[in-house]
């Protein structure tokens, strides 16, 4: 049974891989912004390391945001979403696995890539661990909330930006906890509270987001 | 004659207006990032005002980047690009007016909106004038170079990111001049040199980018 | 009885009824053709039947019950949107459709099916690089492997060449012969009207 | 002579020739039908003719010259992609097509044209909200107002209902009668073959 | 209990909601106008000067009531959204969609008055203080709700259902914002002037105009929301007989039809 859901996720990964673009470009995108930022800043290591946590987080968020639109839109446009809905698959689970596919493509690489960005931005080394851990907790939330947004804006031509507008306010608190955690660590404080909050949010989104997205899809297909 | 090109631009604006989304959302998107950055930063006015020029610029660039993809892609997908190519319109001029349409929708609002962002980020007031002037010179370059990128990536499904990767390195110098100009002014130096460089780049792109994009479209339609 | 019953159903778009109430009962072994001029609501009716949109009024029942997951599983819908994934090859497309709908998969059977629909030699070509008729054939190939008794087909003959139409006639009549049922829309296909057990002509609501 | 001449042309996809070399001369007042099974290269041939892709070999000449802006202006191509803008209404779509191609615009004429193609009452409906056949009609309406002598039509009968097909036959024969020329592809339309002056059957290259 | 159920059903049907809401419009508007006039005059001219902030503090009589309203209205909108989504109540849809622009307007007023106040008090228009940020996020939530509805201009029913979903999801965000505020302020000692806090105002002469204004804004919300909800219902139900009757288009068409049938 799980195999059938997994097939959806696998198929998305395969299609992304085919287009090649899908896989390495969010990373290149991130890297480019990280390069551009110091260029625009024209500043030394000090200012950079101060803004580093915020920047890493904004980057992870952006990389996710610009790719969200397609989570469901492509499936809707070529008619395969109608196909899923008509099988006996549970729609919330389909959403979950679509989000998993998105996370594997965009979220996970961002997590693995974070240390590189951190080095480029002179983040204190002590904070690397917490940076990665917090990203690991937060990126699935991004993908899940993104799935909700994507489901809501399915049949809008330029849903991309509306999507961001819908999703960003919901992700702002996550950003606060996450960047806060890194900041605390780099100031040698404990980041436990922040990480706990992140975990809590993750659990909450894991349970609620698939339901919300499934409801949105149902309405949209009507 | 110009009326016919203007019709293309007008049509894009109308379509964007129809979708409602198109018009005000790049702004909201910018505003959102401006909000998120200090949130992630958790920092006071001092650090913010230091990174402000860089951030305003990166934002203008991003707002442009995420909307670039559609400059030609929509026209390509519904077959109207093939229609333009088959009229006696000069393709470079078509490109110019498509870029104009994009600029009016995304670039111009970003320029007008810059002071608001600047206030939010505590940029010194003396720098507002130069900020807007430099953005006014640079955003058309973004749209034009973006049109080239969009033309190059026409028939790729997820061209959006490839597009960014192609276009960003070309726009990095613009970013350096632009943010540099603002930085200099906020340090009470003259920004004349930077602004001249920007004007030069604008003239150069105005002449070359339409030709390059037209060539790319021709190749892509084959 | 395994039959789908429409009782005075009406579909709507933008809040307006599209056609006069329609009643229809299609049981196993029957073929129903829905006809009507452009814009009369054939596609909309099929979409409602496929459960992708609600009926505006009237009852629609399958096995004496309201449409439910039973119906979704035992019917297969192919609309104007063909549900082929552009970035996958023909073989992968078919494979995926089967996996998702929970069927056992046998590679050889898949290859045979693709050959039967005339896509031999295109197994490893991306769906985005097929011709219009080939895309149609690819989506029709799903019918052959999904073994749903009820087929809902929106203009299935469009884009097919002469041989393709002949083949589809044959597939349809075999399916019906084996106790399947088909509801389809078509313009100007005399032959399908000769085969059909039920003819529905959608008439403007007012 | 105002005629389009194809001399042993071949089109290719992924580097392989699609069909045996084709020769054809279509002058004013003539209708040519391109036939062939699915995937034989009809669409590709029309796209090359429309100047959207290069021929792999052979010559294609118009007015004794290689294809140039003359040809682009005097021919109109409607392919599988209909070139309707989803976010514009029918009227706006037609208006835009005319403006861009540099024609004078007369609102009443536009309304009449839409009525002629059967879209009366849909003038202010978005193109994305039309039925399949209505979309087709909208793109065909461009033919009526653009007064290009050469029409290149890829499966123009697809999705049209019976009345729509009849109407299109009539439009085609009037156009030819008035000295226009048409090159189109079609499957299984006997009537069009009866009208045609030239029949091209694409044969596999090898 | 039975009466409550009955009231629920009466209010739940668009025509009777339209009718009943109609009775409330004028009184609500008059109350709102009167109280606002009184509150402003009292607050701007008669309330005592604050020894610390001088006259600048008087902006409080606009700022604080609208800040309260911005949150109150979101809550109302969220409740209406739940009713709209779960029971598919048209009236709830109307209330939801009518509330959004009013709430957004109050949010903007809060932000603007806050910024104007911030300049003399803190020396800057804007600081990334928790309260300001969360208010800004609230504005985005409102914008999201309205943008979602606007994006589906063709199908109001579908638009309303999806918008309800957005509003509900945003509701989940409200407590999160609240707690994030607490967390945040516990990390950073505030560099800025602390907000006075509701306990700060002891003087009845200061409190009175504030409370009056708070009631005035509530009444205004009631008036404006009912007004918008009514026109929303008229708009979406314009096909129905009651709406046409309300619009004065008393269906001569239908009578004709009946005659021709007969």
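Things worth noting here:
To keep things simple, chains are lettered A, B, C, D and E as they appear, and every chain counts its residues starting from 1.
Here is the rule we use: a contact is a pair of C-beta atoms (placed from the backbone, for glycine too) under 8 Å apart; a residue touches a chain by one contact, two chains touch by 3 or more.
Since the structure is predicted, the reported quantities are computational estimates derived from the model, not experimental observations.
Chain centres here are C-alpha means, and the one lying farthest from chain D is E. In a homomeric contact, the two copies may use the same or different surfaces; for chain C and chain D, over half of the interface residue numbers are shared, pointing to the same surface. One inter-chain figure worth recording: chain C and chain E are separated by 48 Å, centre to centre, where each centre is the mean of the chain's CA atoms. Centre-to-centre separation between chain A and chain E, using Cα means, comes to 32 Å.
Chain A and chain D have Cα centroids lying 46 Å from one another. With each centre defined as the average position of its C-alpha atoms, the distance from chain C to chain D rounds to 29 Å. Contact of a single residue of chain D with at least two other chains is seen at positions 86-87, 126, 129. Residues of chain A in contact with at least two other chains: 19, 156-157, 159, 162, 165, 168-169, 172, 176, 180, 183, 222. Residue positions 133, 137, 140, 143, 147, 151, 154, 184, 187 of chain E each touch two or more of the other chains.
Within the complex formed with chain A, the residues of chain C that make contact are 50-54, 69, 72-73, 75-77, 79, 81-88, 92, 96-97, 99-102, 126.
Residues 1, 3-4, 7-8, 11, 14-15, 18-19, 77-80, 82-89, 221-222 of chain B touch chain D in their complex. The part of chain E that touches chain A in the complex is made up of residues 85, 133, 137, 140-141, 143-144, 147-148, 151-152, 158, 161-162, 165-166, 168-170, 172-173, 176-177, 179-180, 183-184, 187.
On the chain C side of its complex with chain D, the touching residues are 13-14, 36-39, 43, 80, 118, 122, 129-134, 136-137, 155, 158-165, 187-188. Only residues 124-128, 133, 136-137, 140, 143, 147, 150-151, 153, 184, 187-188, 191 of chain E touch chain B when the two sit together in their complex.
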